[in-house]
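Residue numbering begins at 1 within each chain, and the chains themselves are lettered A, B and C in the order written.
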Amino acid sequence: MKNLLLGHRRLIGFIVLAVFFALVPLWVDSPYYIDLLIVLMINAVLAMTFVMLLRTGLISLCVAAFWGIGAYSSAVLSLKAGLSFWACLPLSTIITAVAALIIGYVIIRNAGFTFVIMTTVLAMLFVTVVGNIQWLGAYNGISNIPAPDPIDLGALGSIVFDSKVDFFYLGLILFVIVILVINAFYASWAGRAWNAIGLNPRLAQSMGVNVFRYRLMSFVVGCAIAGLMGSFYAHYQTFIIPTAFNLFPKTIYIQVFAVLGGVGYATLGPIVGAGLLSLFNELFSGFEEYSIIIVGVLVLVVVVFLPRGLLSLGEIPARIRDWRSRPGGGGGSSTKVAREPDTPPGEAAGSGSP
Amino acid sequence: MISRTTPDTKDILRVDDVSKHFGGLIAVDHLSFEVRESEILGIIGPNGAGKSTVLGVISGFYPATRGRVFFEGRDITGLKSHQIVQLGIGRQFQSSTLFMSLSVLDNVFYGFHLSYRTAVWKRLLRWPSALREERELKARGEEILRRMGLEPVKNEITKNLPHGHQRILGVCIALATNPKLLLLDEPMTGMNQTEIATMLDLVRGIRDSGMTIAMIEHNMTAVMNLCDRIVVIDHGQKIAEGLPKEIQDNEQVIEAYLGKDELLLDG
Amino acid sequence: MSVIMQLAFDGLTIGLIYVILAAGLVLILSVTEIFFVAYGQFYMWGAYITWYVVDRFQLNYFAGLAVAIVATLVFGLAGYLLIFMRMQRMENRFLITITGALGISLILAQAVLVVFGTQPKSIPGVFTGAFDVGGVHIEVKKLALIGMGILVTLALFWIYERTRVGRAMRAVALNADVAALYGINPRFVYLLTMGIGCALAGLAGGLLAPAYNLSSGMGNNVIASVLLMTMLGGMDSLLGAVVGGLIVGQILSFGQYYTGQMSVVYLFLFIGLVIYFRPNGLLGHRTDMGV
């Protein structure tokens, strides 16, 4: 029963947030801010995929590269093959997933330095390789990527994608679907295996978890989601250049979003992190030069003093309560936490075994 | 105590001429022994004799340098540890390598990884059969905890458990993988007398439910009480094998222990 | 033939810079186990500081080099004391230290633009002249770089293999807990390693300054190659760093000439192949670190 309520509380919170987002264009009419929100959603999703890989102990610095693979394959499919956006979106997701499967198969052997180095190098290789292929527009990128075809609703008319608000709603739908899918994965047995690997790979293995296969699975799923967002990004921006998908600074920012919010909070953390940094960039938009330095300082402050992210501030009251009641609690019953594995292990992963 | 092992019981596990080298260090040296069905085999030896390495080789954490391991007549040498668990060899770890941040019940629940059959997409759609399977597994987890006496603490966070309970939980996780052969790695280290007595009962109970057990243990009183047969290892080699009584009187065993300044009977 | 000799010579020049860079990174990776992405920025800062001292204060090049080394050393020590020291015992320290390094990287990369501007820099006239030997055009500034590079590498080996500090570093790299039992304070060794590693990056930048142009992207550009070198040689082997640096220098020199920018791709494929067959790198021992 408690589980049911808890699950519903999360769901209700999510619905409220989604509805709130959906209503934003009603009182914000500046295209500039709508654009900001669209970028925020893309960034938040990318950070979520970073957290997803982190769940299994993989720190991937090539999230942006797979985002780029999605964007480029979608652009190529629509411009060179003449496909509609509605075909490009799933196709480019599949292409990215296949790429992730092949690359992941080679590089996921260990989760330590080797993997991080491999992903770092891959992130830079993506830019170099794409930047040297004339067919893909080299460093000038690809432009004039068409907007999605109108959706014909028969008697109700049709939805035409000619303003930022239309893209905002399309992005919001993708955003909601992605969050639901990610959380469903966490709740499933695959998510449990991921969590087990992240907490203790050796113990997971002695439970019969095929560590390599589940790591590969999270890599493929995470990268496919990044590819989906890449496709959306390409058609929204109408132009893409390879350097947009570079390690410096794109992937760095993705990791920063995730860590700022708190990697233990699989969906909310990235949203808070990405939102906070957008806000930050707005505040310091007058002096761009210094804003990056200030972001760097902010990252260091959070990492040193709040290693579990800004959202862990919310746990402090509970911790104090816990700490206070412990001496008199007797039998340690005060530390009881009825965490059902059904909840997306959002709160669990940040606190790995000491 | 009557030994359950008779010569005609068949071997469930056979370690055949296994060696394991770490660089220049020879941890296990041409070791052969077998585990017979539904017995409790004790593996003892002085510190650094290579006992844990043997378990590591059997459960697939270290590849053997030489030799073969057979489980139920099947060659399992070179298989990955998760494949070996699948075949039915469960393992409890020596140090407390549990999921410290999860609850006790969740630790066992995660251990059902191999039993879970539902496809991911069914769980994504919250298919009724998927949810039912999870409920069933949870009930099975509680059942294991009840049997092992951990039910009162099932919702406790693992890192808050006393050491003895953590050791038992390690066994519970191994049980959740539904093994035919259970490898225990010093289950009684650091336990007090009462806890040891409980553990002895639990291990006997597991064996009586039809499982075979091979265990490393330092506590000689416990080993002599519990085990049907004992294999003694020193410097990676087998120096003796037999019934507890025979081992107690074996000159070579006493020498191996005394040579290391260790008491043969402690605790 | 002379083209090949010329390329080999240029490869050696840049290779020695890489050797010093890789050696510093290997020290940091193996001893502190921090994935120090900001390493390339220290290299850039070393080069820029050298340029600044020579250009603005009209001082001797070697004075500039000394200032660069001291400055990056102080940066490194401060970075460890202020940031990484607190992380050593954190539960998810692998992620947290990487993020910390990323933060430092952001700050240093941007600060170069703010302080020195975007124009490429160079230090002319420190080592002048050139001569031809067997069709190979040898510039004195590159020859000087080779000489100093070899000297630094030898000195580093002497410190690592022969001195007490070096022994402490090797012990901590093997097992910090055991080293602590032998009376070595791991924290002090971490601090020292961070300082020395960063100073080596600064030194490499300073050595490069008179021979090549400086740009604000050089820190980012070099980090991928240096990471690849440490993997090629083995992440816990100083000798491996030397071998890796020299090989990568040659591959990049020849690759650049024959295939242009794609040389990085071939380098990656080559190293990927090596790693596939020797997961520890050519001279490394430990399979993997971190996590």
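Simple rule for what comes next: a contact is a pair of C-beta atoms (placed from the backbone, for glycine too) under 8 Å apart; a residue touches a chain by one contact, two chains touch by 3 or more.
This one's a predicted model, so the numbers in the text were calculated from it and none came from an experiment.
Taken together, the touching pairs link the chains end to end in a line with two free ends. The chain occupying the central position, as judged from C-alpha centroids, is A. If you average the CA atoms of chain A and of chain C, the two centres end up 32 Å from each other. Look at where the CA atoms of chain A average out and do the same for chain B: the two points lie 41 Å apart. Remark: chain B and chain C have CA centroids separated by 47 Å (rounded to whole angstrom). Among the residues of chain A, those touching two or more other chains are numbered 351-354.
Of all the residues in chain A, the ones that touch chain B in their complex are 181, 184-185, 187-190, 192-193, 195-196, 199-200, 202-211, 332, 335-339, 341-342, 348, 351-354.
The touching residues of chain B, counted against chain A in their complex, run 59, 61, 80-82, 85-86, 90-91, 93, 97-103, 106, 109-111, 113-114, 116, 118, 120, 123-124, 126, 134, 155-157, 159-160, 173-174, 176-177.
Those residues of chain C lying in contact with chain A across their complex are 29, 35, 37, 82-83, 86-87, 90-92, 94-96, 98-100, 102-107, 109-111, 113-114, 220, 223-224, 227-228, 230-231, 235, 260-262, 264-265, 268, 272, 275-276, 279, 287-291. Contact residues of chain A toward chain C in the complex are 54, 57, 59, 106, 109-114, 116-117, 120-121, 124-125, 128-129, 131-132, 247-249, 252, 255-256, 259, 263, 289-290, 292-293, 295-297, 299-300, 303-304, 307, 350-354.
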